[in-house]
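First the structure, then my questions, so here it is.
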Amino acid sequence: MPILQGKGLTKAFGGVEAVSNLDFSIQERAIVGLIGPNGAGKTTLFNLVAGAFRPQSGRIRFLGEEIQGLKPFEICHRGIGRTFQIVKPFNTLTVLENAVIGARFGKSSKIFDSFDPTPIALDALEFVGLIKEKDLLCDNLNMGEKKRVELARVLATAPKVVLLDEVMAGLNPVETDRVMSLIQKMRDEKEITVFMIEHVMKAVMGISDQVFVMHHGEKIAEGLPEMVVKDQAVIEAYLGERII
Amino acid sequence: MKGSLKSILLLGLFLLLSFFPFLFPDPYLIHLLILSFIFSVLVSNWNILFGYMGIFCFGQQAFFGIGAYSSALLALKLGVPVPLSIVFGGFVASLSSILIGLPTLRLQGAYVALVTLAFAEVMRMTCSNWVGMTRGQLGLTVTALIPGAGRVGYYYVAFLLLLLSTIVLLKVMRSSFGYVTVAIRESQEAADSLGINVIKYKISAFLLSSFMSGLAGALYAHYIRILTPDIMSLHLMITILVMGMLGGIGTLPGPILGTFVLTFLSEYLRDFAQFRFIIYGTLIILAVLFVPGGLVSGLRSVETKLKGKRCQEGSS
Amino acid sequence: MFTASILIQQIVYGLVIGSSYVLMAAGFSLIWGIMGVLNLAHGEFYMLGAYIAYYVSSLLGFNPIMSAIVAMAAMFFFGIAFERALLSPLYGRKGWEMSTVLITVGASILIQNLALVIFGEKYKGLPMYFEGELEIWKIVLSYDRLVVFLVGIFLIALLWYLLKYTRVGMAMRAVSQNQEGAYLTGINVHKIFYLAFGLSAAFAAAGGALLAPIYFVYPTVGAGPLLMAFAIVIFGGFGSVKGAIVAGFLLGVFESLVVLMVSSAWKDVFIFVLVIIVLTVRPRGLFGIQ
Amino acid sequence: MYLLSADGLSCGYGHSQVLWDISFHVEEGGIVGIIGSNGAGKTTLLRTLSGLVPAQSGKIEFSGERIEHLSPHKIVERGLSQIPEGGGIFPYMTVLENLKLGAFLPWNWKRISQSLDLVFELFSTLEDRKNQMAGTLSGGERQMLGIGKGLMSSPKLLLIDEPSSGLAPKLVLRVFDNIKEIQKHNVTILLVEQNVQYCLNMASRAYVLENGRIVLEGTSEELIGHEHVRKAYLGI
């Protein structure tokens, strides 16, 4: 049974369907890449799954239960974490405090709760390699580190699935390699299923087990990475049809 | 070593304030301190919304006024014992905050400022127009909290209220609630995605902030003993704003520091009473342009500079 | 209780006040649209305009229209200076929105209290300038009010023309719709900022100057119109000048009717409650883009 | 001498650097392309050239003059116009108003009717829709309006950011035909595209931008057969 599944998802903005009648399904402990040209509706799809938008029609099943229409924080409690295309770290808090927030609220949003989230947060920082920076304010980090703060924060919520929105964008090659191996480690050691929007093809092709391709709000191809890149529709969407 | 110095200073300050009325039985000084205590509570609790959560609340004066009026009226019209009526004042203010908190939840920045300000103005004008109940601009003569007692009694009640408020704020801000407020201010979306029920926390912040402000307002009414709708005027909100910004919003000591400095400052500028608001306006402008962090951040940067110097001296 | 002619009379009064509210709100809305600044000192522009008109009129004996023109010109430059001194240092800063709200609050307090010291707290009124009344079908309208109304309408039309057809006016609209696109079109956006600020101050001043002969002038006279401007942009949509024009007249009439049917003391309460309800239901205003 | 040249250009936002040591040039006449996938830094490069993002180091020269320190409107005044993704149009203004604003600079404003005639000759659709709100145009029409608006500023060099973005292939062809048409009116074009094939079909020469650096340059024929280009785009 797939861990995460969408059926007939549609979301329109002012008459334009950003996601239109889309189906997808993701197996447990897979790394799934989501690619497609600009404006294909990839981030909108993530927002639907993460509860930021409510689909106009369609269903999303997670671990066999329907989750469409739940609030983002409820989706997080169920076990789906996400990062943002434009990083949103809590800049005036330290790296550790960022992770603590994930650990403390990832499973419950109670105002009074006595457990100590710090060990979980430290664990997550250790995992992404930010333990030395734990007392720095996020404001003072570079882009690569900020992206890893977001990863640590999500990991601290103990998710079963994470949605990664262009975590490699804006990273230099060294940082890219580092995040790629991190994602693999997340799957292998933490048994997390990864669904990622990515433009850095090296990463998509290098680590994903399966790739979805979206174009104009629809899924135009899916399959093994090496199969997908040979698909005529995909080549057209990326390279364009031969003009002459 | 530095930490212990700080706690010694704080302890000293606490002891000084505890015995102040006996050490310096100057009624005027005591009066200023009572006002400082009460307004510290108000500004600190406004700071939860404005400084910590980033909610542009421009209607805190309404909670202060609602607390004052409901407590005064309960004591006056229904004969409720004053200590009880003050607590009720807090609750009424808290209830009213739901009324204004809910509409602001979906709004952004400037719209929030607008709605909260409109709310406070509605409350003020209602009190002003509902002459049968509030006597309007003529004002209510409020029952004393401690009949026959002098200022010293009020001094300790106000001091206790400030201690209570500060302890609650310390507890709350050191708890995960403190992180939540900052998280919501920095990015509501990210906070939501990490499992924080943003709406619940915002409403809680409104409830707490307005409850404390209501208590402060009620105590103020029973101390000053004359209550007019002007208590909810925009002037009070401006004063709150200046006190907060002067001390440094988004910090715990900032609002208290700002309140004390401004209360005493404006008393010493008494001769220039008509210039008071000119000075306030100038202070706000200068603060925004040059020291957005207020006195506390100024002090902190001096502190880090000193620290840096010491480190350098140590290493050389 | 009251006759149809009183009702119509009150509606006409509402339109007269409405024209001044429109002058006030159009500039307020313009600044919000172009710069994203909620100018809480806008009421002080109105007040200063009223004082300038008062002094020009009483000391130099200018007629109300001439004094309004002087007030507009003076406040145009004042607005530019205001923007250059207080807002331009904040461009590109973190927390821009909060900083502008705070600094305009500060400026509002400063200007209002300076006015209190300089002009005194006494209400100042001008004698009627155009004597006599116009009477049609039992509706009585003094010539003063009529002149105010006509000049107001003329200025609104002028503003409309400026924004719609002139090069600079079009650039203002462009900046409010797509700032980056405006930069790439060769528009000096910062210059547009201060010109728009000057324009908005001038029109607020016109609102104050025109009503000076009808109502009194005092240092806090700007507070009411500012709150009204708030209400108007919420109904008309933030940033929409067209919406401000429609909403300004509607609210002017609404206010007059509340005064007639309830009492003048409650009129603001009615308007604010309406504002709160509208914002609760439609967080971006009645006609705002959702 | 080149019409536009950049030398050792680096820039970024706050703590994150986006472009490293970019050097390239555009000669007068013709079309030069810049190819890069999403997030490679193409748009940032254009924004830097237009003065919207300050350069951290390096220099930009346009018509023999250093421009990296100029503010955006000064750069437009010198004849370098950019059409951002989506056309950079003003949605609540009519098509005609948008075009007029394209001629905002005083010397262009004076000859507005001639420029309008030229634009309407090139894009008859725009004339048919001149009183329609720009926001109600279709994607292809918006792109045309963007190009028309750019032309109204009588530029020497036109930077065009992803004209194919969000358009159906048929429309893309039309937009590219339009671009070729403009070129005949003494306008040099720097075309930025994530769509390799489209770009190389248009340009005579191109640069490949990856992770904020230029990794390849060459004539279109060289690039189209280049192993790396296919690899960079599809990871084969």
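Just so it is clear, A, B, C and D label the chains in written order, and each chain counts residues from 1 on its own.
In the analysis below, a contact is a pair of C-beta atoms (placed from the backbone, for glycine too) under 8 Å apart; a residue touches a chain by one contact, two chains touch by 3 or more.
All of these numbers come straight from a predicted model, not from anything done at the bench.
The chains in contact with subunit A and with subunit D alike: there are none. The interface with the greater number of C-beta contacts, when B-C is set against C-D, is B-C.
Each chain's centre was taken as the mean of its CA atoms, and the one lying most distant from subunit C is A. Computed from the mean C-alpha positions, the centre of subunit A lies at a distance of 49 Å from the centre of subunit C. Subunit B and subunit C have Cα centroids separated by 33 Å. Mean C-alpha positions place subunit A and subunit B at a centre distance of 42 Å.
In terms of inter-chain touching, the protein chains here make up one closed cycle, each touching precisely two others. Which chains touch which is summed up as A-B, A-D, B-C, C-D. Residue ranges of subunit D in contact with subunit A, taken from their complex: 15-18, 37-39, 85, 162, 164-166, 169, 172-173, 176, 194-198, 201, 211-212, 231-236.
Here subunit C touches subunit D in the complex through residues 167, 170-171, 173-174, 177-178, 180-189, going by the rule given at the top.
By the touch criterion given at the top, residues 175-177, 179-180, 182-183, 186-187, 189-198, 200-201, 204 of subunit B touch subunit A in their complex.
Subunit A makes touch with subunit D in their complex at residues 37-39, 140-143, 146, 166, 168-173, 176, 199-202, 204-206, 225-226, 229-230, 234-236, 238-244. Against subunit B, the residues of subunit A that register as touching in their complex are 50, 52, 71-73, 76-77, 81-82, 84, 88-93, 97, 100-102, 104-109, 111-113, 117, 153-154, 157.
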